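Chain naming follows the written order as A, B, C and D, and within any one chain the residues start at number 1.
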Amino acid sequence: MVQEVSHPFSSYLRSAMIPHIWCSGCGNGIVLNCFIHALEELQRDLDKLVVVSGIGCIGRTAGYANADSFHTTHGRAIAFATGVKLANPELEVVVISGDGDLFAIGGNHFIHAARRNIGVKVICANNFNYGMTGGQQGPTTPLEASTTTTPYGNIEHPFNLVHLAAAAGATYVARWTTLHVRRLTQSIKRMLQKEGFCFVEVISPCPEIFGRRNKMRTGLEMMEWFRRASSVENFSDPSKAEITSKRILVGEFVNVEKVSYERLLHEKIGQINEKKIVW
Amino acid sequence: MDAEETIISKEDLERLLDVDKLKYCNECGICTASCAIAELLEEDYNPRRLLEKIFLNPNNVLASDELWLCAWCYSCYRHCPQALKLPEIFLFMRKSATEHGLMQPLEKALKKIVENVPLPLVTTFVCFHPDRAGLEMEKISEKIERMREEYLKKEKRKRTVKTSGEKIAIIGSGPAGLTVAYESSRKGYGVTIFEALSEPGGMLGKCIPKYRLPKHVLTKEIEFIKNLGVEIRTSVKVGKDLDFKDLWKKGYKAIFVGTGVHKSQKLKIEGRDLKDVVHALDFLWKVNSDKKTEVGRNVVVIGGGNVAIDAAETAIRLGAEEVTILYRRSKEEMPANPWEIKEAEHEGVKIEFLVAPKKILEDNGNVYAVECVRMQLSELDETGRRKPIPIVGSEFIRETDMIILAIGEAPDLEFLPKEIELNENGTIWVNPITMETSLRGVFAGGDVVTGPATVIEAIRDGKRVAESVENYLKSLAG
Amino acid sequence: MSEKQESKPQNGGEEIRIGVYVCHCGLNIAGSVDCDEVAKFAATLPNVVLAKDNRYTCSDQGQEIMKSDIREQKLNRVVVASCSPRLHESTFRKACEEAGLNKYLFEMANIREHCSWVHLHDREAATEKAKDLVKMAVAKVALLQPAEEVEVPINRKTLVIGGGVAGIQASLDLADTGYKVYLVEKEPSIGGMMARIDKTFPTMDCSICILAPKMSDVLHHPNIELLTNSEVVEVKGYVGNFQAKVLKKPRYVTKDCSACNDCTEVCPIIAPNEFDVGLDIRHAIYTPFAQAVPSTYTIDMNLCLNKDNVIVCDKCIKACERQAINFEMKPENVELEIGTIIVAIGADVFDPSVLPNYGYGRHTNVITSLEFERLINAGGPSGGHLIRPSDMQVPKRVAFVQCVGSRTDRNGRLYCSNVCCMNTIKDSLLIKEHWPETEIYVFYVDIRAHGKGFEDLYKRARKEGVKFIRGLPAKILEDKKTHNLWLIGENTLQKELYKMNVDMAVLSIGLEPRRNSEIVQRLLTLSRTQDGFFMEAHPKLRPVDAATGGMFFAGCAEAPKDIKDSVTQASAAAARAGILMAKGKVTVEAITPISYPEKCKACGLCTKVCPYNAITLDKELQQIKIVEAACGGCGTCAAECPFGALTQSHFTDEQILAQIDAVTEYDSEKKIVAFCCNWCAYAGADFAGVNRMQYPPNVRIIRTMCSGRVAPKFVERAFARGASVVLVAGCHPGDCHYINANNHTKDRVERLWKKMEQSGLDKERLQLLWASAAEGERFASKIREIQTIIKRVTPEEIHKAKRVFEKALEGV
Amino acid sequence: MPERIRHAPLGNKKVKQPNAEVHIITDQCKGCGFCIKFCPKKVLEESQEINARGVHPPKILDESKCIICSFCTAVCPDFAIFVVEKPCKEERHIKHD
């Protein structure tokens, strides 16, 4: 009936790939939606944007965004992104990947990229488990949560990602849920305007794999949990931001200015080239 | 009489004034403005002024005919910002007058009633109530008939009626319709009353219990009106037997709608269709038409208006052992006249306030009890009364074998042409000054306009209509 | 009784020398009490060395006589039998001090409010009662002890509750004097009712034009901290040392707001604007009116779509260039330490929709006077064009109906609302100013033009052709087609009925106490008069003080009043608060508990009943500790102690028992021994006196600070001495001036009832009454009611009670 | 303000009210229901129809209630719904509900 008007974001998506493969009620689409929304509001040139992702459901983002992109090996998204950023600092490099990819196999890359303050922007869709491979327990699975590998309840303490990122030295750290789309979009915008290493965690529903093992069968039920449990508090102590079934603390946690690794690197190279520094 | 002579003691007066908060009266005039008699007898009666006179010197008032003109409609009390019960103050004065044999003023008052109030016989019985001051009604009614004859003779001598020939149709033969007929025919118009029932009189005959208005009084009154030349066509239902178009075609130049309120409102609770559950109007009608009416031993009347009171008293007179009125608000809010309530209580009717029925319980189709819930009053609503709200968990069961519903009546107006606008509550909207409806030439008055009200208010409306109709017909004639 | 009883040396050997002064108070007392006889009687009482009667004891002359007697006759105790101690105790105490006598050695007998005024027609009985009252005072005064008052420093800060014109004026006055002021307003802007009015009478100044500069002064005054959108939720402490908790509700807009209105334009939510009484609309993000202070906008979370922490609609956020919108704002609890409190919560207006005859709410063109103000206001919804709501046309004929909701006993208020007459006259002139051809009718009962310049304005209105018709309409009817109105009433001067056809009718609505005044009352332990407004400490002498120390009233919180009176009262309240704070310290009355450690069994009962937690039990030392500064002085601890280890200074067991004994010395079987708390019941009995409410003369009132002081043994002693009826009277539950001390009263009386029942006594003989300071009639009718009980109490009954309670006769 | 409001706002004020056109790309919808559940004005409801992906997509219940907050667009994981503002022909008189 009204198909002649097209979706305002259609130019940001590779039309051949849409509709995407994510399940009904999955939050990954919302993460992508908010990312595009932020790009649109900032009027970013897609030719100057590189989207890098690792392995996992959310890894397909690299394929859906109508920008230059990398779909990399498991856990190595940040490593590839580092290369891109150093090779061409003019490019905006955004890593969109999952909690398993970024913090289990890729954990080391994450903390060192944050430590170095390399100007890569990381969006982590946290669904509390390995969704693509069948719902195994992962580094963010909450205590007592049921997964395929923890049928009697998880006994491992999960990572508190915002605390980790803040401690490792990220210049911008925020956490939102997929219900907080407005604030998430604003956070992504803010992140994209910053210089150093930035990190946004998005709590995302995974109803088919995680939710149904934890009494939340649909995306809506998971979103209701987010609504019930979340409380917004900006610049609170990230060390106290553990996620429990009762409380999901969201907000911006860190926003500081720090010179980025690539700027220092290229300044140093320039100085060497101009022979200001000699051995 | 001598002003020095004290009949009413200072203590009596103080008790009276104090009890009824007379000291709060600011003389705002609202009582007079809402009084039907003050309109019918503007020269002679003004409740505010009467009250002031009592305040200044009660003994002077005893000799005044004004004292006997209050018609007990309690409209003043209902409107008074201080809730003064004027009729009861006046009754106290009337009793004092009777005790001291001061009957001259009553004679004068009756004369004024005969000359100015249509249906003087009926109104003396159901409104003016000299009986409450301890007087014998039969003697008074004879007196009234005599006075009326004299008056008419005198009037005939005075003016010759010029018949203009125009005809007026009156729908409904209640007090409003009879008044319009009485007044208009005396003005020289041809009047036809259409009455759906077999007997004329409307609520007067149908529902006012006989102990209040003996049948022969009403018959006399109607005979009198017939003698004026009014044609009363009974068993003709407008809307079924003929409609407005027919009336215009037949040459009626003006139509008056005075059909009253006859549709009992429905109680929205379980069990209301059982055979022992009757509507008060049906009940009263049955009793009044001399049909054998059986009442239960233990009767419950639901409602708080005058009809509820009449039904309860009638039930007692028919031999019910126990009659209880259930009313959902408190005595303050009860729409029935305070005096009627007092009389009913005196006759043995019990009234339970702040109680509403929830469910009627049956056993083999026979009512055996009603489940009630207690209410509490919250803030005032748009009717100026406090809204009742059920108290959760206060339900109780009251045994009964007959339930009379008197929860309000509404007009049945399906026969009206569409052009006639109605009010939100289903009554007919009229121009309050001319009583004309939104359809030219059609007038309305009585309960069909005001909602359930008193006889005297219907008569007041009727008199207003008669004047307006005259003006209207004159304007037609140019 | 005529024989002089021998003076017994008491109180550690010191000879007691009592002086008694019986005051005539002109004819106020002497009119129904034989003062000479009372003085003669007083002279016969033990320890009394001197008894005089004089016309006005409180006059300078009277005080001088008293002072010289103290010096010359070496008086060491003084009794004045005159008015209520609530009125003049401090006057006489000061005179005693000036003569070198400790002020706690003074006692009053209330023979005016409690005697002459309430027994106007029984001189003999009133005189007998006065004698008894003097005897009680003499018995007590002999046992009084000198005491020193504790001084407590005062916080030189004031909390002003309510930001209407009264609150604004009080704040500015105090801030200019140099005190810190916290002004708490529950709406988003200060300004109150005055901000909504178009012009003020009688000068016809533009209301907001004269108010706005004051509002702005409040905002910028360095001594004023403005807390809008805020409510006081808790007040603790006592005069000079209050702690208040204020809940500051979030505005969701920060101070960066420049009031540019960009957000409002994009906000998709609309609702009626309360400021314009619903005649205009506002958005979910809004400022109530253009001159609002602070000018910062507010988001109404009841309307905004962004609930539960989730931003659904971000239109305002995007529109705000200064990024002043912050949905993360949370409610804040602000804790304040203050010395004084000014209550300026204002009044509400009457809602005439409960008067069905006037059709307000059903007839479109029937409006209230407040709605009229917004209609005629240039800043209002019609831009100052007087239009009628049904068709937006300028009405040609306007009627004003006075006394709507005022001076009525039914669906309204009994009092006159004070401002409506002049307001209507002003409104009629405003119409005449812009639309001189308009016909204006004012339907009134009395025009009350009592203030300066009011009568002139009234005359001006008459000159301009405004027609005043005496008599209110009985009903207002509407023409369905034209929406014109008919007013039907009686012109009571002409004695004629009128049927007036007008285009619009304005109902001149009265003022009512705030709907939340009950909450404020509880919060601050204030009293209210029967009309629901707050009650002042004394209507003539302390008209802006609350009975509770350190609290003052300004504006309509106390009674309906116009702007001028509100401002005057506000300045007065500020001055009164200033006087208190200027001293820098307050003295706490020496009525704190005294403990006898040797009797104490460390049971801890006293610590449980103390409303102020001023008594603590040291379990190791098995001792109690009393923090005098925290003590409120109710004495409930002393009543609770089963071992007599605690008593209340100036209200000791001995003193109260001496009073009881004095009452019951003879004719006890005809008497009522009444214990009344100082704040409610005693004040209520005073109120009965002031209003000359007559009641039987056989009651003898013993004053305690709180009904919680009344120990069971007092009641038992009264019965053991043959009293017919004992009455314990205090504040209504929840209204106690000592937080909840009167809860214990109830428990104790119930225990006594049980005991009486078990002993086969008529428990009706012990009566419990809750009466507020305004309920004089309640007190009086209780005394009348008790007479029927006295009639049925037989000598056998009296005797039986004596036996049951004889243990109470033992000395203490 | 404590007064109870009894009068409707005067009809002389006109307020620009959004004139929305809601577009649903039916076949792209996976039926998660977020847009229906989270619409603050309850403009949408679940339809009876089954789309190409075998789910019930939303349908418009009352377009006039839409205030174009576009939350549905923002929360849709499948880029299947969006709202545009129709050019507003005339300003509507306010109505008070």
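Basically, a contact is a pair of C-beta atoms (placed from the backbone, for glycine too) under 8 Å apart; a residue touches a chain by one contact, two chains touch by 3 or more.
Please read all numbers here as calculations on a predicted model, not as lab measurements.
Quick check: more C-beta contact pairs at A-C or at A-D?
If we tally the C-beta pairs in contact for A-C and A-D, the bigger total goes to A-D.
Compute the distance, rounded to whole Å, between the mean C-alpha positions of chain A and chain C.
Averaging C-alpha atoms per chain gives centres 62 Å apart.
Determine the centre-to-centre distance between chain A and chain D, using the mean Cα coordinates as centres, and give it in whole Å.
Computed value for the inter-centroid distance: 31 Å.
Nearest whole angstrom, what separates the Cα centre of chain B from the Cα centre of chain D?
The answer is 56 Å.
Give, as an integer number of Å, the spacing between the C-alpha centres of chain B and chain A.
About 82 Å, centre to centre.
When you check chain B against every other chain, which residues touch at least two of them?
Expected reply: no residues.
Two-or-more-chain contact residues of chain C, please, as numbers and ranges.
Within chain C, the residues that touch at least two other chains are 310, 312, 314, 353, 361.
In chain A, which residues are in touch with two or more of the other chains?
Residues 179, 182 of chain A each touch two or more of the other chains.
When you draw the chains as points and link the ones that touch, which shape shows up: line, ring, star, complete, or other?
Topology of touching chains reads as other, fitting no named class.
Chain D touches which residues of chain A in the complex?
Per the touch definition, chain A meets chain D at residues 2-3, 5, 7-10, 13, 18-20, 22-30, 32-34, 37, 178-179, 181-182, 185, 218-220, 223.
Okay, in this complex, where on chain D does chain C touch?
1-13, 15, 17-18, 38, 40-41, 67-69, 71, 94, 96
Once bound in the complex, which stretches of chain C touch chain B?
Touch list, chain C to chain B: 353-357, 361-362, 403, 407-412, 414, 445-446, 470-475, 477, 479-481, 486, 488-492, 495-497, 499.
What does chain C use to touch chain A in their complex?
Within the complex, chain C contacts chain A at residues 308-312, 314, 317, 327-328.
Going by the contact rule at the top, pick out the chain C residues touching chain D in the complex.
187, 268-270, 272-275, 277-281, 305, 310, 312-315, 348-349, 351, 353, 360-361, 364, 367, 370-371, 381-382, 387, 389, 392, 514-516
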